[in-house]
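Have a look at the structure below before the remarks.
Order of writing sets the labels: A, B, C, D, E, F, G, H, I, J, K and L. Residues in every chain begin at 1.
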């Protein structure tokens, strides 16, 4: 019986939304084992002094609850 | 003062969405104490070789934060 | 000229969402004549002491306004 | 490279929404090969003479486009 | 690289929605370090014996993941 | 078996949205017995001659259908 | 203090959606005093034997609760 | 057992949205047998040189899958 | 490189929603050059003394930013 | 013929959302003549060092286009 | 008279969402003549063994119905 | 007291959505001082003769109202 949980995170990159999502995934897998997918909820950017300083992406991260937790 | 938190999970059953929700609740209460309610967000099914192999339900689980945590 | 009105109700059953909707329809037709349809808006459940005590369904009930009212 | 297409159908059963979805899936796989999933969009019921005569479910059906079509 | 996570809570106050949100924030910061913002998702009230007994607010709480977690 | 009905009202106050909701609740309980909750759907204000003359709130009012009606 | 209530109706006309809304308003004011506005929620049409037989419009009807009711 | 499918089309008319929907229905029934209804999803207009040159309407078209297809 | 801006307006007509949208477009093109399209967001009507006194339509107006502004 | 335009602003107050909306209205009427209403779109708060430093409200501001502009 | 139809597809690429959309368009134009536009509905990614194995994009594809079909 | 305004624009690039958003921001900052952020609302593409000729992105642009305007 597969049970998954969904977390929501926001990550940032100076390079673009694709990169921000990749960084968010990299960060998420450090604490969450069993990730099976991500989903983009929102794409924004923060501007300072007339320059885009970071692209921000809000992601849902889906991960399986581990067997040991289920036992 | 009542404070509740909301988690989102996805669970599955070969028998139907009602059963998938019941299994998701059974799984959730193993790790979350003080559950007061659930809410259905999405109902899907996964198909393999022309057969529905599992019904999937995404649930919000609402649970009270415990006194010891609040103290 | 057909004119219909839409009411919103919430009903409950200990057995499941399908049953809660059937009970809600049974209750609605005691006061509303000329029902032509129902539509599910929301499915929730209430939990007490680690058990689901009732499945809750919010329904739109569509019913025709009667001729005598229209006359 | 996986490419999938999404169709929307509505199916009906006198027995309940779970059954209506199963019948809709049965019907869909007669014309669509490579179905990988379904998703519930809407649950309604049609009423005649004070009785629910059919439960209606609107489903998205996801299916892979076949290799021969892609070639 | 800033990474934030989003939690959802519900809090209550007998005095109003503004106060319920403030109480929810007070509670959230006891367990979550690095909160950068909150967002109101829903405002409700619970009624008993013809009196509003508590105002309920559902909040998203946004908080930074700490350096030690990222290291 | 608990069955509830949902009505939608709009109420107004010159003092603010919190007060408009309280007035709406006061008004609603004069005609509806068994209210169990309210939910805020929309907050607006009406302006005349450069002054806000009333704060407007649209509320869902949930109330139980009485036993005598159910009997 | 102005308090308004909101009802939802569906009306039909063989001539078009504008006409269906006008007929719905005509019907609504036979039973509801103090109407201040309407709002279109949905526009559909019913087809039989390859012809559109009626245009259907779902309307919110906003009406003031009367003083005598408030007194 | 009734099974219906839903297609989405966009049609245009220089005369208005009502006319655009009627033209879209006329076009749809040339290729789709068994249409039972349409639903308006979006109303737009295209402007050239300061004049509205066509009103655009996006429609869902609901049609029954034929017996021969089901057999 | 085409850049467009989007404004939102509300316009009114005693004759119907189609006419209200046409009047809104006429008004908008007096101040906005380079309009390329409009989109209907909401259709309402205002009622006084039991009569619809004006049909109200909320429109998005899309217009190109002019070259001189871009230079 | 009444034509209104809709602007969106975000305003802030250290005291609460009600106050933030009032300040936003005060600011808006300095540049916009003929305001007839406001509508709340979003309520958030910004947190620094474990304290809410400002409540933020996003508002739609509705204002009539002036006669001189229409002439 | 322009009539367009809208199909929904999901496509995938190991490289990113921009590439997944381009591949989906390439695939769509093999079977659909007269495509005039695409629209992104959803961006997800599938993860296996701690790696993103494909970026998934759900697209609406808008295409003109051909003259020969209309004739 | 911080007050921000929100404008909506659409921009285009032959290279992709990331580039279209960057171009839209470049264009926006020529006329709007004090931009603090952007948010993606919609991603589309326009197709001619079987080729994507431009990627289109609809953006909200958030900018502070200047002190001199506030004075």
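We adopt the following convention: a residue touches a chain if its C-beta (ideal position, glycine included) is under 8 Å from a C-beta of that chain, and two chains touch if they have at least 3 such contacts.
A quick note: this is a predicted structure, and the numbers were derived from the prediction, not measured.
S.K.: Please identify each chain that touches chain E as well as chain L.
M.R.: A, J
S.K.: With centres defined as the mean C-alpha position, give me the chain J-chain L separation in Å.
M.R.: Whole-Å distance between the two chain centres: 21.
S.K.: Could you please state the distance in Å, as a whole number, between where the Cα atoms of chain B are centred and where those of chain G are centred?
M.R.: 39
S.K.: What whole-Å value do you get for the distance between chain B and chain F if each is reduced to the mean of its CA atoms?
M.R.: Inter-chain centre distance comes to 32 Å.
S.K.: Provide the list of chain K residues touching at least two other chains, using ranges where the numbers run on.
M.R.: 18
S.K.: Taking all chains into account, which pairs touch?
M.R.: Contacting pairs: A-B, A-E, A-K, A-L, B-C, B-D, B-E, C-D, C-F, C-G, D-H, D-K, E-F, E-J, F-G, F-J, G-H, G-I, H-I, H-K, I-J, I-L, J-L, K-L.
S.K.: Inside the complex, what are the residues of chain F that reach chain C?
M.R.: Going through chain F, the ones touching chain C are 1-6, 62, 65, 69-70.
S.K.: Hey, which residues of chain C end up touching chain D in the complex?
M.R.: Residues in contact with chain D: 18, 21-22, 25, 29, 35-40.
S.K.: Touching chain F in the complex: which residues of chain E?
M.R.: 16-18, 42-48, 50, 52
S.K.: Please name which positions on chain B make contact with chain A in the complex.
M.R.: Chain B residues touching chain A: 7-13, 23-24, 27, 30-31, 54, 58.
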